[in-house]
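One chain, subunit A, links the two complexes that follow: it is found with subunit B in the first and with subunit C in the second.
Entry: the complex of A and B
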């Protein structure tokens, strides 16, 4: 049922929460026909509206501020109860850190681990297509000389993609492989934009290296 | 023992005596297949086989007869077309392994309009372009530098026989009689049989000829050389016996 200020009531998807004239939509809700409906199964929160500033007094003049829309309380529905943490989803333009799981001649399949600064709870799968690896000479890119399974890559989300994958790109200088392990099993250090070197064996391997900050 | 490398057989993980490792003033030491360098100075075999040392080129490697073919770059192989996907043929190099990919444009004179017509089950003689343990192997039937086939391409007629990997490697050596100890194909040719062969490093030998009797005879000779581990003298006797039986 519609609730105005209850903090412990549960809403199901599609449940009417209130009119849009009285509430602001927050995360987990949507507006349909000027009514606020819940989008998720969860607990309804109402944030208290900001106290409208009283009439401000100056020495010579008293002005009454006009009612701003931000005064309406915001209704939000969250799944995990009281906690404010929301599941962060990678958005277009976010910089993510991911681990390469598989390479084929046309793309590299990665598991997205960190979005921005937050560690994701679930691992989302992403694709780095061969034409998105570099900005120049896109048709001459060889995936085997850019990534290897197990590398940690900094990439940018370019598309939310389809049901299975996000689409990522490493076509900037500061994007690319940041951590790589050599064939002998040692941690490698970057030498230039396309080589990593194993300090113990002295052999270098080709990767698309991210420019260190 | 130190100089008699012809009979030095090692097992994986054996320590190799430092005196066996060749030294050269200028060239660095080159390790071939089957050996692994563990820094700082240990050289360890990874397969069971014969250790071969070449002091002039300052290189050492292992000769071994494995059961499973692992694709390596620039190998010549005989593959069987499994099916064709978008712009690709999926080619089978060995039983129960992942297919290798062969682009449909990687043939001599192939353009987007004129492609080769390879049916399922056809044999091709190809070179391995890309092979590593993270991806499927890629093949080509044309030399990338010159654009000419140079013997590669579909193999029509004839029959492919399975041989061991060791025999395939020895057949492909430049001086197969001296270094490899196989002369059976040359001997059969000297007896007057007309046939052509293609040897694939993945353990397949294709034999083509006008007469099926010749094909069967060559196949039998190869199989008996392989299974009996015959040396050059025994191969000579084998060839004479087979040709006599045929006539």
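Entry: the complex of A and C
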């Protein structure tokens, strides 16, 4: 039942996978009475932990220190191979791709299309507020100089938000508009960090441009 | 209550004419007794992934008791979601379950309407209670899931006279089937559960032969003279927890432990159904 090596086996919800003292819980598992149980129908994967990285140079973010010992292998139950349909929920910290549906002076409403590398089945709505568009000169940001309806935007989830929207942010160099269409209807190419140019008319339009990888 | 959007059938019961064969059997009075041991459930067939458009689905069929004219239970369950909640609903840190149980109009002897009637709402509420204990709800914040069970064929003897009044006991069998099939569909949809939950029914019956009432599991009302009490249990085997208990009927006051015995038998029936469920889920992956 418990897979100590990299072999795979099938688990049903509620199946005992192993003691919690020997494994770390991964996705698709839960802990009850210091035992690890599966919570999904799927294939069990045991992954050995990566070598603990050396001490980071400098703390740029305040993070919760992880208490779990890093040398335990992580058990997870994944649905790959069981069915192609797998709903994922955008989580805080995920990078998502979304399409701008509506803009107002205070926010841009987007439809989240891809979360991580999973195409979402359901439609989830997101919101990029004016203060989350970029990290510097936040007071000078104007939404209509950053996004237009129809743009494809790469953004990061910063909050589960209110009842309807996930709150997204593009306040990093590699986040922002990755695909934009000009007013003439042509695909544009990025010129600098705030401009896209139409190759046919030669006109440029303002956007919050994502830095190409 | 009247349904104005569809063309409705005639009001009242439509009873198909009884055949010669059935009528003569009724006269002879040979009500087939229970053909199984008292602690055996009927054979069942369970399959997941029957509806391609749904996130998860399952189909459950329970065998007929071997007599002609006695139909088994046929259930189909679809799970839609997890999906985003409608805009009007408030923020929810956990998944919101909504369960619907609907009899097909042709499922029972008494024709059912297209709108849900109170007994179907009742089944839906019991099903929601049974599943809520099994789902890890906070894995899916801000989302909802719809669980729809269609009863394609009810568990009913079409020949028995209507005066017997066993409709309410049929509801118990239907609920236990609903719980089992919905649990399979939830696992197929990939919604986190602490365990697989299955339903089981135990009943206190009295037969014509002996005066003493006895406890049987998975009762068919038409196989017994009278059902005194019955309970339907939803049970999580690895946790040893009961998520839903529905008890109905009167127990004789002579035996104080009868209630506990009945619940124990219900758990036993549920554990047997769960074995089928786990076997079925294992097959879908392999």
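Here are some notes:
In the analysis below, the second predicted complex is superposed on the first by the 127 of 213 C-alpha atoms of A that agree within 3 Å, B and C clash if a C-alpha of one lies under 4 Å from a C-alpha of the other, contacts with A are read in each partner's own complex, and residues count from 1 in each chain.
Basically, contacts are C-beta pairs under 8 Å (C-beta built on N, C-alpha and C of every residue); 3 or more make two chains touch, one makes a residue touch a chain.
Bear in mind that the values here come from a model prediction, so they are computed numbers and not experimental data.
Legend: residue contacts after superposition of the two complexes on their common chain; A:190 is shown touching neither subunit B nor subunit C. Touch criterion not met for A:176: it reaches neither subunit B nor subunit C. Of the two partner chains, neither subunit B nor subunit C is touched by A:126. By the touch criterion defined above, A:200 reaches subunit B but does not reach subunit C. On subunit A, the patch touched by subunit B and the patch touched by subunit C do not overlap at any residue.
Listed in rising order, the residues of subunit B touching subunit A in the complex are 37, 39, 101, 130, 132, 134-136, 138.
Within the complex formed with subunit A, the residues of subunit C that make contact are 49, 55, 81-85, 87, 89-92, 134, 136, 139-143, 187-190, 192-196, 236-239, 278, 281-282, 284-286. Against subunit B, in their complex, subunit A makes its touches with residues 102-105, 143-144, 148-149, 200-201. Those residues of subunit A lying in contact with subunit C across their complex are 10, 12-16, 28, 30, 32, 37, 39-43, 79, 81-83, 85-87, 89, 121-125, 160, 162-164.
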